[in-house]
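Labels run A, B, C and D following the written order; every chain starts at residue 1.
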Amino acid sequence: MVEITKAHVGFLGLGIMGEAMARNLLKSGLFASVKVWNRTLAKCEALVSEGAQCAETPAAVVESCDVTFAMLADPDAALAAVFGENGVLSAIVPGKGYVDMSTVDEVTSTKIGEAISAKGGKFVEGPVSGSKKPAIDGQLIIMGAGDKDLYDLVQPAFDVMGKKSFYLGNTGAAARMKLVVNMVMGAMMGAFCEGMALADKAGLEQSALLEILSLGAMANPMFALKGPSIMSRFYPPAFPLKHQQKDLRLALALGDSLNQALPVAAAANEAYKNAKAKGHGDEDFAAVYEATQK
Amino acid sequence: MVEITKAHVGFLGLGIMGEAMARNLLKSGLFASVKVWNRTLAKCEALVSEGAQCAETPAAVVESCDVTFAMLADPDAALAAVFGENGVLSAIVPGKGYVDMSTVDEVTSTKIGEAISAKGGKFVEGPVSGSKKPAIDGQLIIMGAGDKDLYDLVQPAFDVMGKKSFYLGNTGAAARMKLVVNMVMGAMMGAFCEGMALADKAGLEQSALLEILSLGAMANPMFALKGPSIMSRFYPPAFPLKHQQKDLRLALALGDSLNQALPVAAAANEAYKNAKAKGHGDEDFAAVYEATQK
Amino acid sequence: MVEITKAHVGFLGLGIMGEAMARNLLKSGLFASVKVWNRTLAKCEALVSEGAQCAETPAAVVESCDVTFAMLADPDAALAAVFGENGVLSAIVPGKGYVDMSTVDEVTSTKIGEAISAKGGKFVEGPVSGSKKPAIDGQLIIMGAGDKDLYDLVQPAFDVMGKKSFYLGNTGAAARMKLVVNMVMGAMMGAFCEGMALADKAGLEQSALLEILSLGAMANPMFALKGPSIMSRFYPPAFPLKHQQKDLRLALALGDSLNQALPVAAAANEAYKNAKAKGHGDEDFAAVYEATQK
Amino acid sequence: MVEITKAHVGFLGLGIMGEAMARNLLKSGLFASVKVWNRTLAKCEALVSEGAQCAETPAAVVESCDVTFAMLADPDAALAAVFGENGVLSAIVPGKGYVDMSTVDEVTSTKIGEAISAKGGKFVEGPVSGSKKPAIDGQLIIMGAGDKDLYDLVQPAFDVMGKKSFYLGNTGAAARMKLVVNMVMGAMMGAFCEGMALADKAGLEQSALLEILSLGAMANPMFALKGPSIMSRFYPPAFPLKHQQKDLRLALALGDSLNQALPVAAAANEAYKNAKAKGHGDEDFAAVYEATQK
């Protein structure tokens, strides 16, 4: 493989996260070119106006790129981009690398990795921790697994998109770590929202609770960031609630397959489902607060 | 009342927290004298050797002090110290103040406050957030409620024991806030331990999970402090698990009285009960990790 | 003590259950007289018109009766009837018996039993299983504990009010058994309602689910009775939801004191709290179905 | 299609349930012949000695039968029997019927139904309620969905295997109903076991609890049957715990897809996972009692 910094790189999937990540690759100036694709092609326009190229299919991206990154909405989208018509797989040849940064379950990641390998390509899974703002700021945490050579090669790209990356082992390890992290996040947010709801019912200022929490051992950026959103009950989506719920579901399924009971996460998952049923699936996951309300 | 900085102050209850708090009052040199009492009197010896006086009953402390602070194990202990033979109440006269910093439920706090007031005393409840180390370092968060004049008067003492104090309203408000904070803490620790357990079952290094969490929006001192304890499955008690479980119980009871369902906290509470049943009640509350194990 | 069948018997508390139970004692014709009391005295009128006597205080009932039964709403009401002004206790003398059939926690029951004993009276706790209809039909299940002589003496009265009675041991045992039974009932109803909700969401007739359940190993009168109520979302109170929730709370507290984690019951308890928050506390406990709805 | 009572019928899958069901078809004498297949062919021997024929592949059964029934362990086994080498699908031609009585999720059932239909065959899904004993006694409850003509045709066979059958709608409806029923069963058993555990901890005889439950509105065959098993902590498998847990998982996934929060079932599911982790996956599902123990 060529040095990544002289490479043509591709990017599939320009959702909230993907667009910001692709833009950071583009703005870095490290690469010979950046070619993007999105299922709805109109989403490519902004990046094209900033200097990216655009292709009409995943295959067209892979064909002209040394390494292609992807950030897709869910396992189905990740599978479709690889195995669908004019998908990644049809253009993979020896020497090409594919780095899927979507949050997908291990089965999906393994299936993609095996298919890429079978055609002589190299595969890294690289799901991230962090949502819209860290994606924009290039401050994501990247969990990598799979082909170690490719992982090392794309390190400069990871450095552009994230503040730290980890190599966790064979394909699947990063998918599992990502689920663990997001499971903790979902349950922690569920606990926080119950505290906010109880404070309110108990005649206490939610702002006082936030300040007290900010001074103690539990102080963390998430509470500080999401607290005001909860207080105003207005939840612009950084990480959509339905995706948080999906990750809880997948984490619980992982626990299921490993005989690990996870009762706190399971209770939180039901709260997210309730919030989804109430119509908050597309809002930020902090909207799980709504599940604490009538 | 006299200026607190020329006052004789008392301290009831020299457990893990109380001894450290009383020592900080003593070391501050702000007060005319510090007189302590503990149910097991031998616990007073260390402080006496450092300059404190010791009394044999709560009443004896209150009699010779302008303001008496208390940090007792639970509502029963708090009630016994006030209403028991030679208790606080028997020595309260107009002009004296009583500041109970124990974690007690609102009913208990209200009962104590009303009794003190009925005898002409002033009452502040001042439960804290933070465990052994912040107590030692004078870095507790103090939640105050009750008599505003007494609250203002003892501010210098709060400044010695804590890094910040809040006045939250009438007696009971601080008890409720403390429960809310500790409920969030208990459920958050439950979520964290499930993540640590799932990581381990999934073949991931728990240390990698800790580092990833430390870099993201969930980063907080508690995970950093308790993570290594969980990894080693050794839990020296900073905040005993049985007390965390008690606070979850009281918070759920508060939710019950206010019609606030709290399913995530309820699931966490059962995990703490399981850990207690396994014999970890006297260890640190991070031992709820044991509930995730067979 | 006299033979119960020649005795003057009293009855305190004429709520949904109590009135039916007192009426059965009256209708049996077994007793020399039946004297009733209710906090709202107007509730006595119907029974008086049927031949009962009425007294203005619990003490007045106990004074003129050999054995007094009680069926009060909750622990506070049970305590007030005994320890309040003109309460049971003030009229207890050696030779008199008091049988409290209210659902109360063990602490309450023990406190009452000890007070009665201290004045030379005999005490039996006799909480029941079954709600309005079994009370009317004299088909309650009676869980007895406490003084075995009094238990044996009042057996004919239990036979009139119930279809079976059990002697379970010292005072407190029946309170505990009642809580266990009602905890199973509350969680079982919670499970049932989730099934009904899922059937509906899944495009299945709830009536088909009811029929299938009625034919299998889970077939039970409660599902058959409450199913139609749930289908119509109309819940006339046989056993008010707020009382079911109270019993779950007390059962969980019992588990708490015994280090028994009860995660399924805890999850059900939160569902009842949610239904209560939605305004269904005074409806039948089958209204926990509403917690499954948005 | 021929009348079922003159038909050659096949049966795939001779596990605990399947063998009993196939035997009932055979013993009824209603059919021209009964041909069986099992992945481990040795399991066919008993039935062959009773008059059944045996085939070496699912295809060989279907080829010589008008209607083939199947009772397979899980979705993977159900899919393998149809889509695998020498599977059902390879022998389906117009005029043949396939009735899958396995408990599978809707996706699996729909996939099988569509494949059978595409080759001109007719498909009915017919999952059952009831375990070993009802299977032996021909007392299963059969939930049917799919092709109404085939459903009507096989009614005599359903009458031999079950005591009642229901037609619930298009393919998938029975899979969903089965999950709902088993979800209620799993959560109800979870509630029951918590009651048994709490009784024991509270110093009450579990046998007394069983008798009290047997007399009230909750009385049901399952408690009566499983209670003694729980008391002895010996759980010979009628319905293996791991299958109950699988059904809870699938029911929760169904709720997930329909935005129906199911917190009681979710808590029960975690208890089953805990029991599985403790090594009780192959025992009867009543072994979820073990999750209540340390």
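What we mean here is this: contacts are C-beta pairs under 8 Å (C-beta built on N, C-alpha and C of every residue); 3 or more make two chains touch, one makes a residue touch a chain.
Note that this is a predicted model, so its numbers are computed, not measured.
Enquirer: For chain C, which other chain has the most distant CA centre?
Expert: Ranked by distance of C-alpha centres from chain C, the top chain is A.
Enquirer: Whole-Å distance, chain C centre to chain D centre, using C-alpha means?
Expert: From the centre of chain C to the centre of chain D is 39 Å.
Enquirer: How big is the gap, in whole Å, between where the Cα atoms of chain A centre and where those of chain C centre?
Expert: 54
Enquirer: Would you please write down the residue numbers of chain D that are in contact with two or more other chains?
Expert: Counting only residues that touch two or more other chains, chain D contributes 255, 259-263, 266-267, 270-271, 274, 277.
Enquirer: In graph terms, with chains as vertices and touches as edges, which category applies: line, ring, star, complete, or other?
Expert: The chain contacts form a complete graph, every chain touching every other.
Enquirer: Which bits of chain B are touching chain A when the two form their complex?
Expert: These residues of chain B touch chain A: 129-131, 134, 141, 143, 163-164, 166, 168-169, 173, 176-177, 179-181, 183-185, 187-188, 190-192, 194-195, 197-199, 201-205, 208-209, 211-213, 215-222, 225, 251, 254-255, 258-268, 270-271, 292.
Enquirer: Quick check: in the complex, which residue numbers of chain A touch chain C?
Expert: Those in contact with chain C are residues 263, 267, 274, 277-278, 294.
Enquirer: So in the complex, which bits of chain C are touching chain B?
Expert: Within the complex, chain C touches chain B at residues 245, 249, 253, 255-256, 259-263, 266-267, 269-271, 273-274, 276-277, 281, 291.
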